[in-house]
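Order of writing sets the labels: A, B, C, D, E and F. Residues in every chain begin at 1.
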């Protein structure tokens, strides 16, 4: 491992121009309005997970297109009063797994809603359980180029909409405090966190870790590995598709969401991150509109701060709530 | 490269028992019947490809579910009389590419119909252009586990149906000889060739090269690379799904199609093939019902005989037609 | 990934002869007696971990040679009565990490004592904090050949002794049920689990996952990766040391501990495990003396059952305790 | 894949100083004069290739030193009048293969002469058939350092001379239009194309794709893979040979040929090309004397435009000829 | 590293049938007779190497075809009486290097003649200096397939002849004892050692280490790396050349030389050797006619016994000479 | 291989600021004083190595903490008068090996003392034989982070002290010229050479080859491979340890020793060195206080000049001594 991006000094002031389509806000307003034509239809059933300190419910709701999206809701058994909530999004390729894999937020006194990423959940961990009944087109294996020919059909249009709906789900559940909903996630989950922070105006806090899906144009030029390189390989085959593909991606760039996000935020970034190069993270961080702070991990690749950052988040969010 | 499977002597007599569901024939009869409820709706328009010896048409037809499937039809300009036809299916990840990439069959006096593989076409070459508007479920990136939870939703149910419809398309086109339609393809294209040979009773000949999609159970155990290992990784995540997944795959195993295929056949196999291990190829070859012969490439990996096998096929098929 | 060891059928009955020194029991009796000349000197102080459902204490005790060994004790806040205990040992290269990384056992109603592995803790995770003030000799980087010239100086003599002392520590702590102490761990932690089960006569249960440190002679012949291959490379340099090295290892072989272990056990094994090949796991499993069962993961490499196996263990142990 | 060379903006104006020996023109004049002391002795015999739209002849001629060099001549059967000609040179390690592998030019109305590269033809494809009876010296495996101690003995002196003789062969054949001979090739074939364009004054057009053999000094510094790194490794062994080796290479640098080439040209370059880094291609392109244009593939490695560039060439050359 | 060939028990009795052409002896008798039509023309000049304990001469002689072959002769300065001689041959890709790289034999009281391998010497070390003015044909990069179409043109015909001539050179030099000439070498040098032992009837001893060039047929099937896989790749391209290539190789197989070798021998073999698999070494060892012994390195890859085997050879040869 | 560091022109003037603790000199004065409280206790016994031109003794002495450190002393048998001495230190992971592996210095008229590196000697070659009875702490496998939490416990404190004691040992041995002791070594041996040159005021000469252990801060940022990346990975786990770790390393940085070294020096550097990047070498070279010269190998990775540099050193040192 070695550094292969800008220096720490350059990163701190890195504010690139990232393409933004004129109708960005309209596109997302229309998208969310369309989703809201479907009843949210939240369903929650208890699971038989063998834990006594927390209770886990199998939650689902109507996401983009009314498609069913699954999640786990984990809450401390000892809770009194409405709980502050953390909605978490997952890294690329993973699923919500078996119930109980993530107990930290609930053990720290939060309700924790862990959203499945549609179509994903078979690349690591113990699996996902949410389908995605839409046409991916002639795509490169993976999700980065699914429906990339048009913003309307692009995969992440559906995922980001699901995320907004997950926040709405959290707010609708009994025993949860709708005014104190925060969002978090690492890598792809960090990218979804940024999108949600840009699309939902009144979140309590946003905690993106080593976020993916930021400054696609630079990422494609400098990242040598998946998932960004799925886009590279797609463009290497569809040699004339560059302009259209990057136009599509401009509707989904974390930098454009950061420019609209107002919730207090705690980022993390790893300076030896080969998957989500630090300059793409700083491009979003330096554009972020809310109060912002960032944990910098100088010697880590994409694992970033690991469990240390989780502890940091819990402590930070508890202070903010206090 | 080195050999890593059975010896040539063992391969020659390798006839493993491969699981076959009781309703295999019913499943496929129902599937094809359902597809035929959609009008085939063949469309053909000339392309502007800069060739003078051949003419290339952009052909499409209604595949599984009535979904639009694209193909190129290449015919020799100098043709007189109805042409014998070769329908070709593609290797994993590729598309029909730009018009004209494959001229050999047309130069040898055949009509050549090259079918796009739905959803694919962004991993190598110059691309595919056919979508696949169905739910892949929580799948591993790629196509091997798309819809694997049920035979009815499995990806290759649609692809194999498309292939049967492509043969029907060839038979419907003017200037082509419906009684002399042969099928061919390498790797995934070889697997589709076998399926087509098992599903279409009156093909003239079948020429699968280093076919994929044969004897899945053994392939998963011994193949260390994609695409077979997409299944391995899916099962590594969905730890309880083994039985259901292999039940689904049994409806799509090339060995089961080979047991039903009656067209004269020319296989090829490479003894150092790491992607489609030779024992999986021989499992299908030794089960094949029609007149059969096989070219053995002793020192090749998955590239097999390359252009040499193409020349061999042309010569072989011309003899058969003579 | 592919299978590269014996078939499932062969594994089920695999009972190889593994070298056992005549003075195996004496060696360990002397070793433990020597360790017990040091006062156990258990110390426990609360941590400031930001959790409310569990409480975490920083525990240490005198291990081999009286050296200080660190651990985390995590207990459910809501506990009533003496808690059943799970002592957990770690995988190769890892440390006990920051407090709170593993909450599952405590959330399920157990006291959980997580022992640091001396000298390790800088290869993954968030670190270990226990030194090992002994001479490693001219060793290959890593721990597998540290002091290998003599059983008395071999690294794992100290680690296995620490593990026995950790059980004694658990039994000495207030609020914990000394009669219901179980041991567990994955990979190296599984090997330590086996050693502890062979050395401590009255454990409640033992749950080794994909255990390492079993049937060294075969492991060195067939494993192509670290950590077993540290031994291979050591012997490749010290070309005359084979006999002495394997004599040393025979005092530490999980198979020899399994032959002495009487606690009810739940193993796990992964059939595509390249790091701890399944035959080395079955060599121990088939030699195990107590009531035994095993979870077989057919398509996994060394990650084995992952969180799924953790859930399986909790359910299994709760049943056993019920 | 990622970009690892200059930016597109820097490439567009990249005009490095490349060493050129004073006697460059004399060296090549003498070399060609010497070759021409041998009778060209063109021989052409029909092949039995199973095609009807084209006819393929096995052509050979006297190359450097009078050594026999083989080629395939493919012509459309339907031709009327003298055909424009495309002479094609091959990529590194390949051979002319079996007759008929490349049909596109002939199908588009051109005579196509495909020259074998002496000594090569056993690394990919279906083989070459031309020897090279000369001393390679104590060379690194491969051809890049064969005879590198002196320009007179360097391998490419013979290959470039063969290429000039191949053009003369094309001009001598009946039914071909000697005034409309163009040259093309990819990678090594692109380098030979440039050399031929610099050595033959009256070519109709030159179409080098992702050309190799340009700006050796920079290539050795930045290219991490074969074939350029054959030179690096040779110099890593022959530690004092740097000056002499680069003097030799200066007689063969595509940049020096580009400075002399006057035929209209269509280059291609791939911005993620690791084998022939784009700066080495632009060094030649920006020095090229004739009318020039270039296709830029922004997301491709050394495969460049693939079949898309072939179509582009055919269309471009047809326009030029119209 | 792991074992990937037969077990030690199987190796000890491994005596495969290896093809031998009927005219093997005649072929070599003719070859050597032809070489001897050239005067040996030994030349020896002192070097300026900065050593005082040994003296190094730059020796050359007429090898195959009368081609000049270079060597270093290193002798102890303190020698009295005619010295026993060790002629050494080099591993694949290396050269005789700068004078003085190997001092062990001379320091132990031997004259040491180190023969350059024609054409090689640019892949590792400090280089070779001997050319090979012959046609390699359309060969795979490297030397394994140079001239493989015919035994008369195969590269090793020249190398093995050079080796016999090197022994003759040693016997002709003043101060060296012509009756006590031994041969040695590792890897390729071991293969040349075997050939020399089979072709020169009155050698004192032969010491092949981890010899290459033995039982080509099996080697090609099981070796996954260079140099054996140069043959595999050649045959993967020249798909019809299998029979002819293996016929050529049968004239050069170390097993056939071993069947004729009578000098006392000390082999070495490494059981984890991936480059020269142990079964190919035992195929030669078990066929060897003279008194034989072998050092077995159980945990080494192709480096075998390294300097330890060098010490073993010196001690063994001194005992034999005593 | 390719260049991946500063250009030759930048390297020539590269003089970075490298952190130096205020008490650097005091730390080392105290360390050496402490070591000297132990009697040097030099022991030397003849070995049975089978050489006649040189004699080899097994030497040991009291290093850091009085720990026993082993070495080989090789001297020419023909020596008359007190010999100039070369003390050599080893590359990372290696040991002094079996006696006689390095004969060049003795053959050139020098006494050669080859010091074992404590704890090392099991990663390549034929082994080391010196232990290191100290606590490595929770270290990353290898030696780079052993005891890194404090300068007093850091591994190289002991090694550098051993090296100074080795020079004192050489000066104490009969037949050796205490006024003409030089030091050398490659890679880690080069780093130890620099440390010794900085700590021993009256050395005759210092010859570090491609030295390791220089400018740690930059090395960690740009080196992608072991051993520097052991530090990177340690810091990736111990996320808060950066400041303390680099403080420790500042006491051991070759640049700080170079600033104090006065012996005439001959460095070597390789411009494609990925293990010890050239800028880290030049950081030390350009800071070196004594007369200095450097051999630059433009196309080599970490092997540098190999045997060629050895010859260069011998010639250079002989001139200096003349």
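Assume a residue touches a chain if its C-beta (ideal position, glycine included) is under 8 Å from a C-beta of that chain, and two chains touch if they have at least 3 such contacts.
A quick note: this is a predicted structure, and the numbers were derived from the prediction, not measured.
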Graph separation of subunit C and subunit F (steps between touching chains): 1
Partner chains that subunit C and subunit D have in common: A, B, E, F
Higher-contact pair (C-beta pairs counted), B-E versus E-F: E-F
Work out the mean Cα position per chain and let me know which chain is farthest from subunit C. D
Most distant chain from subunit E, judged by the mean position of its C-alpha atoms: A
Option reproducing the contacts of D-F, where over half of them reappear, out of C-F, A-B or B-C: B-C
Based only on mean CA positions, could you tell me how far subunit D sits from subunit E in angstrom? 39
Which whole number of Å gives the spacing of the CA centres of subunit A and subunit D? 50
Taking each chain's centre as the mean of its CA atoms, subunit A sits from subunit E at a distance in Å of 63
Between subunit C and subunit A, distance of the C-alpha-averaged centres to the nearest whole Å: 37
Give the residues of subunit B touching no fewer than two other chains, as numbers and ranges. 125-126, 233, 239, 308
Checked against the stated definition, the touching pairs are A-B, A-C, A-D, A-F, B-C, B-D, B-E, C-E, C-F, D-E, D-F, E-F
Touching residues on subunit A, where the partner in the complex is subunit D: 220-224, 229, 232-233, 235-236, 239, 242
Over in the complex, which subunit A residues touch subunit C? Could you list them? 49-54, 76-78, 97-98, 100-101, 103-104, 106-109, 125-126, 306-308, 311, 314-315, 318
Looking at the complex, which residues from subunit D come into contact with subunit E? 93, 95, 116, 119-143, 145, 233-234, 237-239
Could you please specify the touching residues of subunit D with respect to subunit A in the complex? 1-3, 272, 297-301, 303, 305, 308
